[in-house]
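Two complexes come next, and they have one chain in common, chain A, joined by chain B in the first and chain C in the second.
Moving on, here comes the complex of A and B:
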C-alpha cells in the first residue's frame, strides 16, 4: 500500500505549530511507516506535488502566502488549517487594527532606530495584503486543528483518524483555542 | 454600599440613576466628557470602571461630541429608509457617524425605534420624527443649516398617533381608574392570585410564562423586600404595541403593577422604558402624579393600612438586549445590560438580588382588566393554552399598519385580511427573533402553541427581496449582541459576513452550508435568547424560501471573501510597483 503523502507549510505563523508536530515524539517513527513528507520545512522540498493531506500553519499576510496556499489547495486532497493564526489570523492579525500604510511607516520610516528610512520596494519582496486573513477566507478548508499551538497529541489524533479513514474528531480535552 | 444604593434608588425620583445622569451629560455636552466621569462616579459611589463600562455599552452615549442636532435614522425594515439618510447626508455634507466639522449636525443609523406604523422615522436629539419623505428632509436640512433650535421646528413633525385599527377584549373594555385595585382589595390578595390563575394569563413579552405562577413564586420567595418591574424596553423590531399602551393606557399599566405589588407584597416598582420612547416620559410622570393624588399609589393605598407602593421610571439608552429580563435588571442596577446566568430566576433573585416580578406592559394591562372582570371573562377568548387576546403591532407592506387586538387562535390570514396585506409573500412573526413564514403557513394560528409572538407582525409583499430582509436582521443582531459570550459575539458578525457575501453575489453553496452550520452552533451554544434566536430568520429563509439564497449562489466550489488584488492596492502604491508579482488574480 502506497504511503500517505503529507505536505506542510508555515505562512504568517511562527513555526510553533511545526515544533508541536514534532512533539508527537517517538510515535513519529511508527507514523513514518504509513506516511511520507512532500513539501515541508522538514524536507526542504520547494514545491508541493500531489498530496493526500496538507497542513497549513499561519494566516495570510502577503501575496506569496496566497500563492503557497493556492498551491496547497490545488495539490492536497485534504487541507487542514492548523493553529490559531490559520484559523483566525492570530497574532499577525493584530496589525488589522491599523492600516497597512501605518504599519509600514512605523516599521520603515518613523520607528525608533530606523536608519535610511524608506519603505522597501524590491520586487523580490512579496507585497503585504491590506489585512491579515485566515485561510478559509481565500480557499476552501476541510478541517480545522485549533490551538496555539495544537498539542502533539492533537496532531497525532487528527492524523491517526485520517489514516484510519475516520472523520477527524478531537476529544473535548484537546479542543481548545489557546 | 448596597444599602445606600438601595435607599438612593428606592426614592420616587430616579434622577440619580446613572443612566439618567449620563443622559443629562450627553444632552448638555453632546457627549460624555472624560473629566466629568470621576466626579460622577464619586458622587454616585460607583467604581469609575463601572461608569466607563456603562458609557461604552449603551449606544446613546458617546465619547466624542455628536452634532448639536443629532439625527438617528431607524434602519428597521418597517420604519427605516436609509436612502433618506443618504439624501440628508448629501444635502448637509455629512458622512454617517461623523459629526460635521462645525459641530452643528451628525447623522447615523439606529436599530428599530418602534415607529413601524408611522412611515420612515428618526430620532432627533432623542425626539421622534415620523412620516419622513424627501421634501421633509429638505426642510430639515434648511432648519439645521439656519441653526434653528429644535423647539422651533414644527410641532406636528413630532406627532405619533396611536393607529388603533382593531380594538378587542382589552382595548374595548373601558375601565375607571382604580377599579382593578378596588376589586382586588375586596377580594384579598390570595383571591386575586386565584382569579389571575383562573384567567390563564401568560406573559405577553413572547415567552408566555404563566403570570399567576410567577407572582405566586415571588410571593413565596423568602425575603423582606420584593420588587415589581414593568418591562417597557420594547426593542424587538416591528413591535410598537407597548408604545401605544403607554401612551393611552398608562393608567392601566401602573395599576397592573400595583396589583402585582398587592399580590406579592412589594413596596416599590420600576418601569424600565426604552430610551427611544423618552418622549413618553412627561405623560407617564403626569399619570403617576394623578394616581398618587387619587391614592392609587403612595402610602395606605385606598385606605388600606400598610399597603404602600410607588413606581419610578428608569429610561434606557439604546440597547436591545435590555429587553431580556435579567439584562434589564442589570441595567436597572446601573450596570451594563449583560444577561445573567439563569437560574436563579428573577422571581427569587431579581433586582438587587431580591425576589422580583418582571412583566411585560401588556401583561400588566391584562391583569388590571382581569382584576375587574374576572378570570372567566378573560379565558372566554383565545385557545385552551393561550387565553385571552393579543395586541399585535402590524407593519410592513400592508394598507393599514397599526394596532390590532385579536383573540389568541386567530389565523395569520385573518390578520392579513384585516390590515390589507393580502399580497404578502411572507410574514415575520414575533420580530427577527421569531419565525419567518410563507403563504403556505398563513393558516397557522397566533398562539403560544403554534406561532408565538410578542406582538410583532411584519408583512413582506411580493416585491420585497427577502434576502435583504434577512440581511437587515443579521446586521441588527451583530450590532445588538452584548458581547458577553463567544458564540454570539463572534457568531453574529460571521453570520452577517456570510449573508452579505451571498447578497452581493459572491456566495457559493459551500458558504451556504457553512453559514447553516454556524447558525446551529449559535442556536445551541449562546448564553441567552439573543444569540439563540439570532440565526432564526436565516434558517427559516433557507427552509421555506431556499431559492432566495440558491438563486444568487455562484456555480463554483469556492469564492474568496474579499478581492485579493484590491487588497494589494495600498502596498502597490507605497512601493510604486506594478509588476506581475504585485498583482493577484
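Moving on, here comes the complex of A and C:
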C-alpha cells in the first residue's frame, strides 16, 4: 500500500506549530510507517508534488505566502489550516492596525537599536501585503486545527483520524485558541 | 401557584411572575448560552446567543417574560449551530487574537467558542482599527476586543452608581465611549473596586498589573465549561463600597 503523502509549510508563522507536530515524539516513528513527507521544512523539498494532506501553518503576509498556499491547494487533496495564524492571522495580524509603511519605518528606521537604518528593497524580497490575512480568504480550507500551537496530541488526533479514513473530530479538551 | 410553569426542551420548570425565560432557566439549573446577560443587571438582549424557539418563534430568552405553558426549545443542534455562527461573527468583527490576550482562559466569548465547537472564524475578518485607552492608572481599555454587550455600561449605572461608559454611534459605527470631556478613562471616576471594572466578559476592560497572576491552564474555563460555571455559581450583585452616589 503506497504511503500517505504529507506536505507542510510555515507561511507567516513562527514554526511553533511545526515544533508541536514534532511533539508527538515517538509516535512519529509509527506514523512514518504509513506516511512520507513531501515538501516540508523537515525534508527541505522546495516544491510540493501531488500530496494527500497539506498542513499549512501561518497566515498570509506577503506575495510569496499566497503563491505557496496556492501551490499547496493545487497539489493537496486535503488542506488543513494549522494554528491561530492560519485561521485568523494571529500575532502577525496585529500589524493590521498600521500601514505597511509605518511598520517598515518602525522596524528598519526608527526602532530601538536599529543600526544603519534603511528599508530593505532587494527585488528578490517578496512584497508585503497591505494586511495579514487568514488562509480561508484565499483558498478553500478543508479542516481547521486551532491552537497557538495546537498540541502534539491534537496533531496526532487529526492525522490518525484521516489515516483511518474517519472524518476528523477534535475532542473538546484539545480545543484551544491560545 | 402550580400552574406557573413552562417547558424547556420538554422539561417542566416553575417560574415566578416577572421572571424571564432566562431567569427561570438559571433558577432551575438549565443553561441557556448567553454573553451580554448577567443576573441582577437589566437584560440587554443584544448578543442574541440566548436565542430560543418559543412556540415555534425565535426570541431572546433574557428579555422575553416567561408565561404559562410556554414550549421553549433551547439545546437543539439547529439553535446551537446558529449560536456558533453568531459567535463567529462576534470574533471576526473585532480583533480577538487569543494568544495575545491576557484574558484568555477567563474569556466568556472564547469559552462559548469552545462550547459550540467553533474551529474557525468562517467569515473574512474585519480587522477594525480601534482606539486603545491606557490613560487610567489601573484599568486598561482595549476597544479591539469590545463586543458592545453593554455589561460595563449597565454595571456602572445600576450597581456602581456612576455613569462611566456608553455606546455611541450606530450599526457598524457603534463603539464604546467614556463619559468624560476628554473621552479618556483616566479622567473618569472609575475605580478598581467598581463592578464595571471587572464585569467585561472579554478582554476589553482589564485591571492593570494582574494579567498573568493565574497561569494558562488554571483559569476559569480551563477548569470548567462555560455551562457549568454559569449555572453552578449564580452571581450575586453587591453594591461596591467606595462611592457615595
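Definition applied: the second predicted complex is superposed on the first by the 176 of 178 C-alpha atoms of A that agree within 3 Å, B and C clash if a C-alpha of one lies under 4 Å from a C-alpha of the other, contacts with A are read in each partner's own complex, and residues count from 1 in each chain.
The rule is short, and it goes like this: contacts are C-beta pairs under 8 Å (C-beta built on N, C-alpha and C of every residue); 3 or more make two chains touch, one makes a residue touch a chain.
This one's a predicted model, so the numbers in the text were calculated from it and none came from an experiment.
Peer 1: Is A:148 contacted by the first partner chain B, the second partner chain C, both or neither?
Peer 2: So A:148 only meets chain C here.
Peer 1: When the two structures are overlaid on chain A, which partner does A:66 contact: first (chain B), second (chain C), both, or neither?
Peer 2: It touches chain B, and chain C stays clear.
Peer 1: Answer with first, second, both or neither: which of chain B and chain C does A:14 touch in the superposed model?
Peer 2: A:14: touches no partner chain.
Peer 1: Now for A:99: first (chain B), second (chain C), both, or neither, which partner does it touch?
Peer 2: Touch status of A:99: first partner only.
Peer 1: Taking the superposition as given, does A:172 touch the first partner, chain B, the second, chain C, both, or neither?
Peer 2: In the superposition, A:172 touches chain C alone.
Peer 1: In the superposed arrangement, which partner chain does A:78 touch: chain B (first), chain C (second), both, or neither?
Peer 2: neither
Peer 1: Applying the touch criterion given at the start, work out whether A:131 contacts chain B, chain C, both or neither, answering first, second, both or neither.
Peer 2: Both partners, chain B and chain C.
Peer 1: Please name the chain, chain B or chain C, that touches the greater number of residues in chain A.
Peer 2: Touching more of chain A: C.
Peer 1: With the touch criterion stated at the top, can you tell me which chain A residues are shared between the chain B interface and the chain C interface?
Peer 2: Shared contact residues on chain A: 131, 133, 137.
Peer 1: For the complex, give me every residue of chain C touching chain A.
Peer 2: 91-92, 95-101, 104-105, 110, 113-114, 117, 119-122, 124-125, 127, 129, 216, 225
Peer 1: Spell out the part of chain B that touches chain A in their complex, as residue ranges.
Peer 2: Checking each residue of chain B against chain A gives 510, 557-558, 560-562, 564, 566-572, 574-577, 579, 581-582, 584.
Peer 1: If we count contacts the way the header does, which residues on chain A are in touch with chain B in the complex?
Peer 2: Residue positions touching the partner: 63, 66, 99-101, 104, 119-121, 123, 126-131, 133, 137-140.
Peer 1: Which positions of chain A touch chain C when the two form their complex?
Peer 2: Those in contact with chain C are residues 81, 84, 87-91, 93-94, 96-97, 131, 133-134, 136-137, 141, 143-146, 148, 170, 172, 175-178.
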